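In what comes next, chain A is part of two complexes: it sits with chain B in the first one and with chain C in the second one.
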Partner chain A sequence: MTVMRDKVVKALVELEVRGDENGLMPGYNVLVNFLPTSFWNTFAERMLNAAPADKKDQVRAGLYQCAQECGYHTGWGIINSDEFQSVVMPMVTEGAKDVLRGAFAVFTAWGWAKSGVVQIKDSERMVIRAQDYYEQDIKSTNEKMGFMVKAVSGAFFDLAFGAKYPDGLGTFVCEQTKGIEVGDEFGEFVVTKK
Partner chain B sequence: METSRTSHHDVLTGSISLTNVSDLIQFIGMSGKTGELVLRNDHTGEDGRLYFANGQLHCVLAGERAGLEGLAHIICWESGQFFFSQDVHSPCSNVEMPLNHAIMEAARLADETGGTAGFEESLFDALDDDSLFDGFCEEPPTLKQQAQRRATAEMKKAEAKENLKEVLSTLPHGFGPTPRLNSWSASWRAIREKDPSGAKTPSPSSQDPVVENSETPVVPPTNPERREEHIMRESTEILSDLLKVPGVDAVVVAGRDGFIIEAAGSSNRVNIDDLGAAIANTINGIEEMGTELNVNKFNDLFIEYGRAVIMCKPVGDAIAAIITPDASKLGIIRHKASKLFDELKEIF
Partner chain C sequence: MSIPFEIKFDENTYRHHVEGVTMVMHCHHYMSLTTKLADSLEDMGGVKILRESAEDAIRELLDAYFKAHNISGSGERLNTGREMYSVLGLGKLEVFGNDGGGEVKVLRSHVDEGWVQKFGKSSKFVNHFTCGYLAAMFAAAFGRPARSFNVYETASLAMGEPEGKIIVKAN
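== the complex of A and B ==
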């Protein structure tokens, strides 16, 4: 038995989630906001387009770091949530590998990206493929813009194989090798040791 | 064979190069015929005899080989002639399984014993296929002419073998047919990384194939660490190759958790999106059963439904599934897909 994505998604769909007075929805220890994805896309797009050529790398690094920190702490919240412990953990038979599969199933169920694990080499490397990630709509920059999936993939691998939380952040780094926004069929993200 | 021909029992004759042996056998099986199918390999002069009773394969004789071993030998022949004589009865019974099952088993045996011989055979088949002569002479060839052609073919074959050996000996280690897995990608990668000046191009990994200078031969590693940019291209290409196998409607690679990693082709019989979860659940159950029974990991799974047949195989951490409309081509699919699955194993 390993983690079954369809079971995780079905379990999440059955959760009763309701926005609080701030428009935040709690579930899996995560507060999900109601801001439209176009807001975040415009934010990243304008930041990058506004930066002079010699500062663009800093903007990219900043966008990556924001998503990385968010993914690291959110990921920790997800895997320690009551929902994850009761829905996903009973299916875990392959340790960290299965926890990662479960985390990406939750990631998909929340609608962040239809993403999943292609390959994992313990403590070494992970390949993720994603479709329907919201940053795929950013076309004007003519470059790979999947900062959120990219950084979150790296952060999840930090949680699985880095030092104990919260000291493992940044142990691994993720590169986006393919992107729908640049004409590929899907986004592909490869995590390796920093 | 002479007896059956001279006694005017022939009802079907032709060239093997126009079809393939497994399709021919399945055709006779589906027709429910009783009789003797004689196959002659033009290269080796060998005869193979298969005896059918009401469409069931009862006996296979191929020189010193018999039964499934004989069938495994014959099934790889790609050129030659065949003659089917009706109402000839089987002299013995050495195949004790249904026809499709026998073809699959034979294909499996052929895979296990084939090795690099298959590569060389196919090259030589292309060089001396007698069907190339068809239409260039008014009269059918006499026995003497046939013998001459065979002798010429043998000479060409020996000559080609020598040439091939010579070519292979000049290639650097890692090229040619010997390392079957990934030899293509290793070669391609080494060639791609070699710039026109012969100098080494910048590479993110110092362990990548090394091209020191134009005098130093290219030495790709036997099991090169794949870089991420090769994964998609290669797996896409392999899936396209799988789609070219006759009878394959669609190919899907799914993760153990049911995530559809990649898919090619389409099937109006099966919803590919649902297939990932279904395969993952099924394989989990099957693997649990294997663990309980202590019979090791599963290697193959065939599920035959009324409107589709699904064939699954583990490829690394993932599972590849082929969808085909019926079981009639399962043997040939299994045979032709085997090497492609091996390549997929390297990727996932």
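== the complex of A and C ==
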């Protein structure tokens, strides 16, 4: 048996999302927030649009780094959580590949992207496709804007095939090769060794 | 008692919605690094962009929520905005104010406490997100357009003080 995304999503999406008595949401080894996607999208869009030509790459790198560290640390929390152990691990029969598939199912359940793994070559390469991701709503920059899906894909591969946590961050890098926001049918993200 | 809060899951797109507004979960690493990115690009208005992005996004959510739940009084709207802040995992506030502005105590904070967890104590104010949130909350409560309130921190949990303090002033 391999990890079935839809089954995992349905199980995890029913978890309660709400601040505790302190207004905080500790979980998955991090503090979680639940915000309108328009905040993250508007910030990325306005930063890129405001940046002069010589600073645009700095903004792009910054947006990538924000999501990369988020994906690495939260991804670690996810795959070590009770929820992951109870919902995903019983379906895991192919080791790291299935753990990655499970992590992408959680990624989907959190509202990051309707995405899945289409190709994995252990320790070398992974291809992700997303049929829907909230960053596709950014249109005005006229460039691929899937920083979150891109960087988190790289970070998840770091967790699966990089050095032991927390030393493996940045072992792999991800490029976005297709984007709904630039007119493609789906988003595509390719992870390779840095 | 906290406010009702229903999340609808779209089984086609797999997106989450609250009163028609698309929502997403993120962590303190993402918020802290986003705040740091805005600070590092202050020469091109990074902090202002972060605050205004927060103000515009939260305004959309609060307006949708007030309409769906038929909340029309200014006091009730301020209280709902305060409760919403906690429901979203952003922390715990005490709010005092009127249409001229107000004072907000930050008792717990996702932004400040997340910053300290990630980077340690800060040497400057970092809670730009909450400043934008409060600008939206006061404007939505009193039926004013965006950018009607100036909001600034005077005390900060991230800087090691026992509680944060944020001042809101009408333009």
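We take it that the second predicted complex is superposed on the first by the 176 of 194 C-alpha atoms of A that agree within 3 Å, B and C clash if a C-alpha of one lies under 4 Å from a C-alpha of the other, contacts with A are read in each partner's own complex, and residues count from 1 in each chain.
In this text, contacts are C-beta pairs under 8 Å (C-beta built on N, C-alpha and C of every residue); 3 or more make two chains touch, one makes a residue touch a chain.
Everything quoted here is computed from the prediction, not taken from an experiment.
Undergrad: Which of the two, chain B or chain C, is in touch with more residues of chain A?
TA: The larger set of chain A residues in touch belongs to C.
Undergrad: May I ask you to decide whether A:90 touches chain B, chain C, both, or neither, giving the answer as first, second, both or neither?
TA: The answer is neither, since A:90 touches no partner chain.
Undergrad: For A:166 in the superposed arrangement: first (chain B), second (chain C), both or neither?
TA: neither
Undergrad: Under the stated touch criterion, which partner chain does A:111 make contact with: chain B (first), chain C (second), both, or neither?
TA: Touch status of A:111: second partner only.
Undergrad: Should A:120 be classified as contacting the first partner (chain B), the second (chain C), both, or neither?
TA: A:120 contacts chain B only, not chain C.
Undergrad: Just chain B (first), just chain C (second), both, or neither: which does A:132 touch?
TA: The answer is second: A:132 touches chain C but not chain B.
Undergrad: Touching A:36, do we find chain B (first), chain C (second), both, or neither?
TA: The second partner, chain C, only.
Undergrad: Same chain A residues contacting chain B and chain C, which ones?
TA: The overlap between the chain B and chain C interfaces on chain A is empty, containing no residue.
Undergrad: Would you pull the chain A residues touching chain B in the complex into a rising list?
TA: Residues 1-6, 98, 101-102, 104-105, 116-120, 127, 129, 175, 177-178, 184-185, 188, 190 of chain A touch chain B in their complex.
Undergrad: Which of the residues in chain A come into contact with chain C in the complex?
TA: On the chain A side, the touching residues are 9, 13, 17-19, 22-25, 28, 30-40, 42-43, 46-47, 50-52, 55, 58-59, 62-63, 65-67, 69-70, 73-74, 108-114, 132, 134, 137.
Undergrad: Which bits of chain B are touching chain A when the two form their complex?
TA: 228-229, 231-232, 255-262, 276-277, 280-281, 284, 288, 316-318, 347-348
Undergrad: Along chain C, where are the residues that touch chain A in the complex?
TA: Residues 2, 5, 7, 9, 13-16, 21-31, 33-34, 37-38, 40-41, 44-46, 49-50, 52-54, 56-58, 60-61, 85-93, 107-108, 110, 113-114, 117 of chain C touch chain A in their complex.
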